[in-house]
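Working notes, beginning with the structure itself.
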């Protein structure tokens, strides 16, 4: 890592930048200009959020708060737990543990830093992680391994059985930093009694682990509170997802990002509830007026992202969608599998419900919920089996009336690159043009944004979509 | 009076060094020919000419480099890693970490006080991060390999290059040329991409003490300076000899040790 | 030895052909988590799937994406080329992500190319943890597998037959253990290549024949006097999956090294320990196959694996460890880095290399690194030998 | 009306001039570093051959790598579309086009109306390209045009294991050293390239008839090896230079546009 970079605490840097950006809209014009000067590289991203109105502002504030929590954890005597984005932070909040989610932090960093997360990603390779491993962990993890972040106290990873390279990164981190490690493991089936039971057993073990290493007991009253909040949030997510079905959809592309960023960072927190309320309100207003959520008001095309979105510097991808008049009708990451969601009904056995009546019911609920977080749910088994990737993508594409399906991932994603070709072929067979992006969602050294954009344009043109 | 030689047949260039009483009396760098044997013969011949001695005067000769198994005239062959370590230590007696970037791979190693290689890393599999990468790029840019290195200093806003693959990076470079980006900025981006890959390898051996660079790419000032920035340490500049001949020099030094009997015995 | 070399270097060796001629079924499987004893108990030949003999990747690349380890791709390539037509069944386990995608890719290839998917095609789910519910899951999976085999091949797999199978396999394990002991001696009478060939052969040959041949071989070995390791360094080979005799040869052909141990899938690590012969055979199998935590897919067990490796290094007096990983194998790549960190700290020279699998390996580049590494050991052992033996190094570390 | 298509590739620049569906002239040249320069020059060559001046041309469509930099075009189209259009026009039975140019390889599938149904580029690790062959031709000191003919004389089967262009070159050099014959090495190279491209085509479903376009289609060694790898007899393009396909398609786009404009008045 460049020595210049080693001089700064990464969490602190990011925390400051995000905080400054969150403060921008509160200031006068002059103050705003000044703040922008203070965060030159984050300016464009911040602007894009600010342009998105109140929900954008709330997202900025939420991200700032997330860092604030990390930065003040130790002072408040709280333990920090490194975890994956597809492990719901709800349980950690209920135990007063502060989560640090590498993937989310890498995505934020990739959008905010001028040089992207290159230095941190490369640092992981310098100390021995293969350069072929998924970049989504390698980013923020680099700062942690390099000792440039708040010290983590334990590692909980919930991708064994879902994604090797992810689980491997967490296992490596725990070994390298000599911190306790717990894995939530998923068998490749979902929905049957046997796997349900496995999830619960495993989840209970995890709670034991977290109790042991945080010194805190799980407070069931608190858990009930948080879960009730989640229940509320899920209902609003379902509302937003329903509105994605409208034509034109009143949901701006950026909301998708805010939606899952919030879910992975602040599930069960009131900050997220407020953000959702704000998004639902605006979207409903648009819907009532029958207008598109796109800035220029004209929806020319609807794309469904069958995997992840494209991050990297300056939220280029979202701005691109806006410029081209392309509506983002969701990605796998936004999916919420609570039982009352419309599209879930098309996929029996895939849903969960929230029951806060007894401690056991709560544990059941949360274990089932966790087993249905985006990547965990759809990528874990053979892609063409019931309830898995293909079925889910097709149901979504149909329900949201997508014109095409786009795959974006990272070269590190053994998991999806293993069979994305047959997957794309199957999607095409169902009548959806499918584009495979060859870039890295978090690292634009793999393919420059210009090249990515050109390939996207070409796809839309050749396939007669735009 | 003992004259020894070292011959390094690389993928792109072949080098020979003739030494007498611990001094370099002749050396050569030629472009490699399809057959390593021919390359070796030609390199040696030129070195002999510059030293003004004949082949019969050579008492011992060690071969190294990619084509080492095919050299006709050597007494023994040794790996490049060992030779570069030796050669580097001679050129820069304080060197403890050596970076060798040649035409088809990039190696970093720690050396002890005798120039013996300890831990080392070599990039495998992929040509990006090798001298060849730079050559391909120089060709696309239409500049010479010497000029490419100098572009970094002139750049104002270096591009970021998709650094994963030589072939794909080439496509990106063409795109940048097409869109009218100044050649300096592209060149600097190329050097930076290269340095970035090398930096990972360098940091992987945890560089200590003085760092020295050998191989042809050591002459690329752009890569060298960017690399210094990335690893945050100065890389010593060669004064005693051309860093590209370090491998051949190391081979010659080992020949000398062999002849003087103070080298370790071969198994 | 020839019978082992034949078995280890051909996709379908003579003994398999003979087995087929007798009208008996062969079932292929991936990874070290499929209990081969079950098949033996049903008189089915368990065949560990391999990727040798590929001479292209056009089928593999059609279905797998570009960022995948070449081992599963080579298996698919062979399947696509009809080289596995002798299989009556195949079992895919989620060893790693590349391997588990072999399930989908193979089936999809079967939609395009006729007769390449065996009639019996089974996905065998293996958890990533061996504690309580993990073990319970795995035991149930074994039971399911048994039921499914019984139904498809119209056989019955009783506990007695399973116990008999365990006993038969244990014979081989014991014999291989004896071979290991020979490699721990100061003078080594058997090359690493030969031992590895014998080990790989065990994953594809009919077991009775294998035990018989192994016994003959071990008896002969014990009579050997000539040390093969004079003037050579003792090295170990660890890391990504390997069934490549060539790779062993490449290292030993330098004339400067003898391989005294490995820690590879296909290798001795799975054969090393015996399985309990009494009690419930399914539980015994499960404990052995899932419980020994031998590869990095079992997350969080690094320390156990390191301990195992150290023990091997000490008993085989290895002077250096060659750690390889196939490109895109993150599991072994990352673990090798940790091994290297911990072993180098104790003064054990390590070489970490990334490579392609088998037929796609670049021998020249590999050789270069190995030669340089051996030169390094040569340098360090000169100084190290005077001070400490391997064992002392560990004790002091 | 006279129209033209101009295809500025990564290695070569091509131009085709047409009048009411008939080719008047064409030109191919090595591309310069600056695409604009190549475009001007190759266009001039084609104009000279047809004894025309730029003012005679009513509409020009550009394509290829440098398409955005061609100063004089009225419209640009992607290479995929142009190769598809050209091939469809030349041979209506075509359902799949495999275009191997200097920089990349692409497979395109057409539906029964000649529209692009799917396409795919070569994977991230780029070895199935014309550039690969050029590097090899240079290393072996064989002119490009001779590659196919020479490979046909191959007697012994060799394999090239390196997938990387750069490393394959070294491998080739060592094969030469080991005394292997040039035709055998070439044949191995062609097969290695063909196999990579075949997997590309297969992953989007191969449909017959399959044609090959782009400069590498002129290399009979690759042409045959690809037929073999796909297990399908590739169709030859009735004597039409496959390297010109992109420019032809572009010219056809121009022709179509002009007719549309006429209709619209």
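Lettered A, B, C and D in written order, each chain numbered from 1.
Basically, a contact is a pair of C-beta atoms (placed from the backbone, for glycine too) under 8 Å apart; a residue touches a chain by one contact, two chains touch by 3 or more.
Note that the structure is a prediction, hence the values are computed from the model and not measured.
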Chain pair, most C-beta pairs within the contact cut-off: A-C
Chain B and chain D, separation of their C-alpha mean positions in angstrom: 38
Distance from the mean Cα position of chain D to that of chain C, given in whole angstrom: 45
Whole-Å gap separating chain B and chain C, where each centre is the average of the chain's CA atoms: 38
Contacts with 2+ other chains: residues of chain A: 127-128, 411, 421-422, 425, 446
Two or more partner chains touched - positions in chain B: 66, 125, 164, 168, 171, 175, 179
Residues of chain D whose C-beta touches two or more other chains: 123-125, 167, 170, 203, 205
Arrangement of touching chains [line / ring / star / complete / other]: complete
Touch list for chain A against partner chain D, complex: 411, 421-422, 425, 428, 433, 436, 438, 446, 455, 458, 461-464
Touching residues (chain side chain A, partner chain C) in the complex: 127-130, 132-133, 157, 160-161, 163-165, 167-172, 174-176, 181-183, 185, 187-189, 194, 197-198, 201-202, 205, 382-384, 411-422, 425
Interface residues, chain D side, partner chain A - complex: 78, 80-81, 115-116, 118-121, 123-124, 203-205
Chain C residues within the chain B interface of the complex: 231-232, 256, 327, 344, 349-350, 352-356, 362, 364-365, 368-369, 371-373, 375-376, 378-380, 382
In the complex, chain D residues that touch chain B: 10, 33-35, 65-66, 68-69, 103-104, 124-127, 129, 131, 139-141, 164-167, 170, 173, 176-177
